[in-house]
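For reference, chains read A, B, C, D and E in written order, and residue numbers begin at 1 within each chain.
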Amino acid sequence: MMGSIIWLIALPLLAAFVSVVAQTYQYGLLVVTLLMNLLVLFAAPQGLTIIGGYEPPFGISLLFDQYALIALLLIQVLLLLIIVLARPLAKNYTPVILVMLAGLNGMLLTNDLFNLFVMIEIVSIAAFILSTANGKLTHTFHYLILATVSGVFFLLGTVLVYAYTGILVVQGLMMRLASLPVALSLIPMMLLIFGMAVELKLVPVSSWAKNIYGQANLLTGPIFAAVLAPAFGFVFGRMMNEVIVLHSLTGYTLLVMAISTFVLGELAAYRQTDLLKTLAFSSIGQSGLAVMMFTLGAPWAGILLLINNALAKSILYGVATGVTAAYGNASMGVLKGVFYHHRLLGVAFSLASLSLVGIPLFLGFFAKVSAVMAIFSTGLIWVPVIILLTAIVEGAYVMRWLLQLWSPAFEGYLASKKELPQKRNVFSAQQILVVGVLAVILFTMGLMPQRFVDALQKTQPAMAQYEMVGQGEQQ
Amino acid sequence: MKKLVSLFLILVLAFFLTTALDQGLDFWHSPSQLDAFRMSNAFVQNDVLGEGGALVFGESKNLESGSANIVTSIVVDYRSFDTLGEITVLFLSALGVGLLMGSGVRTTLRSGFILKTAAKMVAPLMLLTGIYIFTHGHLTPGGGFPGGSMMATAFLLHYFGSDTVKSNLKPLKWIESTAGALYILLGLAGLFVAGSFLQNFLPTGTLGHLVSAGIIPLVYVLVGLKVGSEVSGIVADFSKTEVVS
Amino acid sequence: MIQFAGIALILIGIYGLMTTKHMIKLIIALNVMELGANIFIISIGFVAHGLAPIYTADLPNQAFSFVDPLPQAMVLTAIVIGFGVSALGLVVAQNIYKKHGTYDLSEIGGEE
Amino acid sequence: MMTMIILFMIASILFAYVLSLKEPKWGAYATLIVSLAGLVGVSLLRGSVGETVSFYYLHFTVTTIGWYFSMILLTVYFTATFFHPFWMDQLIYPAAYNALFLLSLAGTVGLFFAQDLMTLFICWETAVWSSMLIVQQGKSRQAAWVYFVMSAIGSMATLFAILLTIFMSGTTMITDAFIYFMGSPALGGLVFGAFILSGLTKMGIFPFHVWLPLAHGSAPHTFSPVLSGGLVKMGAYIAYLSVAVFPAYQVFGDQLMLQGVPLPIYALMLLGGVSIVYGTLRAIQQDDAKRLLAYSSVANGGYILIGILMLDQMAFAGGLMHVLNHAVASAAAFLAMAAVAKRTGTTKMSELGGMIHRMPVTYVVYLIAIISMAGIPPMGGFVSKWLIFQGLSHRGLIFLATAAAFGSIGSYLYVFRPLSAVFLGQLAPKYEKIKEADPLMLIGMLLLTAMSLLLGIVPNVVLRTIAQIQIELGIDPIMIKGTITATQNGSVNMLSVFTVFGFGFLLILILFLVLPKSRRVGLMDTYTSAEFIHTPELLHYGHHFYAPFERLYEKWPSVLPLYQRLSLKLKEMGEWAETFFFHAEPNRAVFWMVLLVILITVGGAR
Amino acid sequence: MTLMSFVYGFLAILGAFVFQTSLTGINRKVTARLQKRRGPKWYQQFIDIFKAFSKSSITHGWVYDFGAIMALGGIAATVIFIPVAGFQSFPGLDNIFVISYVLAVGMLGMAMSAAGSGNPWASIGVSRALTNMLAYDIPFMVIVFTLIYQHQTGSVSELAALQQGAGIWGWNAFQLPLGGLVAVIALFGMLGKKPFDSFIAPAEIASGPMVEYGGKQLGMMFTLHELMTFIEVSLILNLFFGGGETLWVYLLKYAVLYTFTNIVSGVMPRFKIDQAVTFFYKVPLGLALVQGLLVIFGGWGY
């Protein structure tokens, strides 16, 4: 009973309802909830949890497998660290974060398509509210409109799936859908894909991310980039694996969308002169890469990419927004050489950058390698070429920033301490500790990829049915 | 130009969408029976657990769900978890509105005589209707959401009609919070008593009786209260105005 | 035929989303679209000569056909979610109006 | 032994970092001791060829070629560390410098001992990014960036090749994996081209050379020798792998053969030839001594590439030996420039002059280094160039031979520039007071000088190892008899050459001493053809030394603008994407979505 | 390598010096006759050199002297490597590349010494000399490569011996006429004869490597010049004109070849240094490449 996975949703919700009236203890409730969630995560047995006493496909159930475990663990840990990092800001939004947590957990656990829609909406609305913390309401509005439109698409898709198959349970839905004629399953699949495209930041509809991510603060930046983005990625992975049947048309459209997201996102990031905007476009690009992996039937690589990106972005956004807040501006000129004053932050930032770019000895490298290897097995040799070429661009801008942030010197001269910017207070010791913990996690994961990959390997049974582009048609 | 292009696109989409959907939808052609493969059949028959049979209003007892209104069965029992999500959405948007409007002060809207008088007369009636709707949600059309909305309307009428209520919305928060928490606790009770979250652990009684369908009426009462308080809160927040300083 | 109404409303909503820049109108378009979606969902459960899925005293035995109750339940949820989003959208729009004095996105200039 | 060396390196990196935090100078001495220990440790590995060791997911094995390359690298690293203690106060992150220095050392040595392809790549990239972070502590961030980007181009291509190889062959072992491509020349061509690209970028072969002058020219003075003498040689190792371990000659066996060289390999050799010519011409133009030496590295990279790609008895041996010779000579030259820069604060040739009167030992170091670099006997550089020439003329690769000849003669021009402009000529009054380089620095430099000389007189010491490598590869080894080095079409006895040279020198020395003693006059007291000179020190001739020759090609386009244009194009594309797809306007995004929906619906309806 | 080798080597240097210096003296007369002058005595060149040796001198620091010694020492050593009519003091050291690179030691020494004098005009001269070298050496090297490819040996004496026995048509100059032409043109450049003498520029220009020399250093430079001429002419002689079966044939051919260059240069104008480069890269390099391609791909000369 106490070890039921349902606590992951019930507890945050309960805490959220309570926190509205118990405002003094809000923040404590949030932290305690997250810690309890971690406990639950380790105590809960894997398997199907029934809600309401009705077996699937009739009732709603929660599917807690290795895949969900990885996703949930990542999210609980990152969220915990982020709210500690951004404590003053998080205090104002505690109930929202709690509800969002419940939504995220529900989204990753649920085994019912319509319930998934509800959970996605919860998370989206929480995200709207959180994004108002940036203080740019037009961007929130933009995000809101797009996300709602895609939500309607998702809803329609869900309903059509129900109309054709008569069930809504996620696990094994693909089997039923694949047996439908193409003319029937095409439109619901398209609607489901577009229903997720906005949150996944795929290219034609990723315009919201530029400003929401690009003007983030210490709270929203890490939450959006390191919690929401991987969560939606994981959900998409689940969908690709269990629900969505790709026809050659939808498959290639999705693939092209993912590739262009990756390429255009990184190209746009390449030209930015604002640190947060750069990171925003980088997030867009990385999301495209992960989607590409899931589309091509390489969930493993997708998971690794998501984890790497989440960990790296939590550090990058944490440091970048902190530094931006302290120095007043995220432009290259202002932030030049700031890491001279903030060595630990700089080291964490550098580690995260190197991992993001996929440089060896860090997690990102193994993610990238498994991505490319997985694509080879689909026979699409040109896709790795695109990935690696874009990785050059990615490396280029990340390194440019890294060099600028570390070195206070002017071009053509040796650095001297006279040119350093005035030192400002960025983080308290506690916050620096959090960043350090994140960096240590990232670094350790890169050090022992084998151990880590073994753990991931257990996700394999659940992710057994690799679906390739166009396979839906053959059936 | 933009409008023309958009119109053109919409027309193209309309044409192809209807043809595409037309190809395969059975329901498009007015079926006389619910498709056999749909899981709703089991809901209608209360047959999910395999113990259903012919349901007779006022006679069938101890059904798995026990609500005469099948939609209510689904909303509050079979798919109660969705409803929990749903009220969470509402809760969230109330929170959001509250946060965004947090800087405003209470409205100084002056209520007229007609409003004041009418509110005094109509509001209690509406409140009563609302309560009726959600308590009978498992028997008749309606339920927590319409009932709650009606209660909210009644409250708002009262709110606009009276000057004393405007200054204190704290009880709304309490109702909202308590109702939500109780819903979850009810679900957890199901977990502890019957083994799964939100399980209908009370005896379901006879189909069609007021005291039947186990926790369904309880949940609907909670939902009604919560929705009522939240919707009231949202509208009340909307009427706040900016502090002019 | 009701599903055509649903599709038409969805398309009208999308048309609105594609053309207008007025925030309130955008939200209205969104609502129209949602409404269309809801109607479409209801239509999925359509059964010719079907009845509302409620057991009543008038229907003592099973000689009847109910329409599909599940889409109706889903619509109930969808409506509430739509309400929540609209409320939030409106309050955001109102706040923007307070700040910029206009509801027109093109006058505010989204790029910053 | 191997495990101990790895563990020792890891521990020492941390140790050096912590120590440097306390006191940068101690950390600098620590790098000296650590690299010496590494040198000794690796030299002991000579006997244990074939020994393998796994460390986590990294797998290493001792090979002769790996040992040879690591010894070269460690020598360069070791000698460069002699300079470290004097540069700590110029760096703003001395601790990071010391740690990264050792990390890049570990990376390069690991590269040479890598047993599987993943280890190879991991070590490669580690060396690249750690050295990149060192370069940025020099004068230019732009340079470090360009270095990284160019390296990334190469390493991404190599990563592609490595992963494709692993995927196709199912093994990661370097020695086994490439055999797969014996049967498939098309795929083999792709892998070969992609794999060698990192080697090309690293060696600074023609279109990829742009990073080299920038990075070498503006890296910290203590690190330029390592970059030029050490890290560039990693590229040579990749070239070696892609022609000797990758069965390139067999895979391309049915391609068009040019004088026994398959077309793809010949094309690469031509690139090598182009870089020789290009590097030479550009080196002649430079005013900054370090940039000049960097361009000379480009040219010498061309020699090494051509030599290694020949994979025969002579040129291959020459290429491998040139790796060592150029490493030693280039490191010595850069170190000498570093010593000058330490005293004067500049490496611009037009601002220096007459240093020989203040820093004679440094001058000698530089002199020996350039003699070796230009391939003049009796220094090491001659032997390797001679072997390459012999190989080229044996095969009759006339265009490459032309390029090689041009680079060889051209090198006289550019190596003489710094010699003349920095060390000879008028001594500016502001440098009147400077002193000779510190003794510790001199030790490091003189070690390299001694090596250059030794390599020239008894090259067979090294050629014996190279012959061993050739035997392992199954090609005719270079013939060694006593002090005679013999090839199919010629032989040379360097000891005799040196003796004869010494004899001639002795003879003339005696003549000189016998003749009446000369009177010492000042440098400013020169023949001026009846002009009255007010400020003789301004008459130091160091600017545009080869003006008439430079004028012939000063209008030639440079390669860097092409890359800049590419970068701009990418930015433009980014801007384009931003306007179309990332424009903050809900209408537009909805429009795109509708368009895609139509696309799919229409496609589905069809 | 015996003691006798060194004695022979010393004698070779001495012989080369005496022979070439006499020849230079004679050619001064030849040139004078071309210009309708009488010219100095044939031994005037000896007188000049010994006079310089005996005069008092100045020095501009140790590198000035060291460079001069290195230059003359290097050149002297190179003379030892040159096979004369099949005779070598140190057999097996006559690889063409060894000779041409040992020659560079002397060049470098001279350049170093000149630049070390501190006189900017000397440096200008050095820069011209090196540029000139870059110009003439490339075509020459291309031809040398061709020869080595054709005969598969890099030994000068072997290359010379291979041409003997077939009469005058066995010479490489006639076997590979384009190559021979290139070699002769390159010889003009090597010797610093007109039209490629702008780096020495005797008499007219006040800049040149030698501008700062006087006394014994000048004497050494003169000696160096004679020895270098001997090496260069011998090289061309051995590679393209069959060397010599006997010493006397060798010396005769040598005298003819040297006098020929002198006569031709006597009626030539002078290239500016950049013109010289352009010329060498246009005409002789092109010819050399054509010759090389004909040999390698066309099978010419087999």
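Note that a residue touches a chain if its C-beta (ideal position, glycine included) is under 8 Å from a C-beta of that chain, and two chains touch if they have at least 3 such contacts.
As the structure is a prediction and not an experimental result, all values here were calculated from the model.
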Query - Chains in simultaneous contact with chain C and chain D - result: A, B
Report summary line: Winner on contact count, chain pair D-E
Requested in this report: Quick one: point me to the chain whose Cα centre is farthest from that of chain A.
Outcome: E
**Report entry** Chain whose average C-alpha position is farthest from chain D's own
**Finding:** B
Report summary line: chain A to chain D, mean C-alpha position gap in Å, rounds to 42
Report summary line: Per the C-alpha means, the centres of chain B and chain D lie apart by a whole-Å value of 74
Query - Whole-Å gap separating chain A and chain C, where each centre is the average of the chain's CA atoms - result: 29
Report task. Round to the nearest whole Å and give the separation of the Cα centres of chain B and chain E. Result -> 106
**Report entry** Two or more partner chains touched - positions in chain D
**Finding:** 583-587, 590-591, 594-595, 597, 601, 604
Query raised in the report: Which chain C residues sit where two or more other chains touch them?
Result: 14, 17-19, 26, 44, 70, 74, 77, 81, 84-85, 88, 92, 95, 105, 110
Requested in this report: At least two other chains touched by the same residue of chain A: list those residues.
Outcome: 114, 118, 121, 125, 128-129, 132, 138-139, 141-142, 145, 149, 162-163, 183, 186-187, 211
Query raised in the report: Can you name every pair of chains that touch?
Result: A-B, A-C, A-D, B-C, B-D, C-D, D-E
Report task. Show which residues of chain C lie in contact with chain A when the two form their complex. Result -> 10, 14, 17, 23, 26-27, 30, 33-34, 37, 40-41, 44, 70-71, 74, 77-78, 81, 84-85, 88-89, 92-93, 95-96, 99, 105, 108, 110, 112
Report summary line: Listed in rising order, chain B residues that touch chain A in their complex are 17, 20-21, 23-25, 27, 35, 37-40, 42-43, 48-49, 64, 77-82, 84-86, 88-89, 91-93, 95-96, 99-100, 173-174, 176-178, 180-181, 184-185, 187-188, 190-192, 194-200
Report summary line: Listed in rising order, the residues of chain D that touch chain C in the complex are 583-587, 590-591, 594
Report summary line: The residues of chain C that touch chain D in their complex are 14, 17-21, 26, 105, 110-111
Query raised in the report: Which chain D residues qualify as touching chain B in the complex?
Result: 587, 591, 594-595, 597-598, 601-602, 604-605
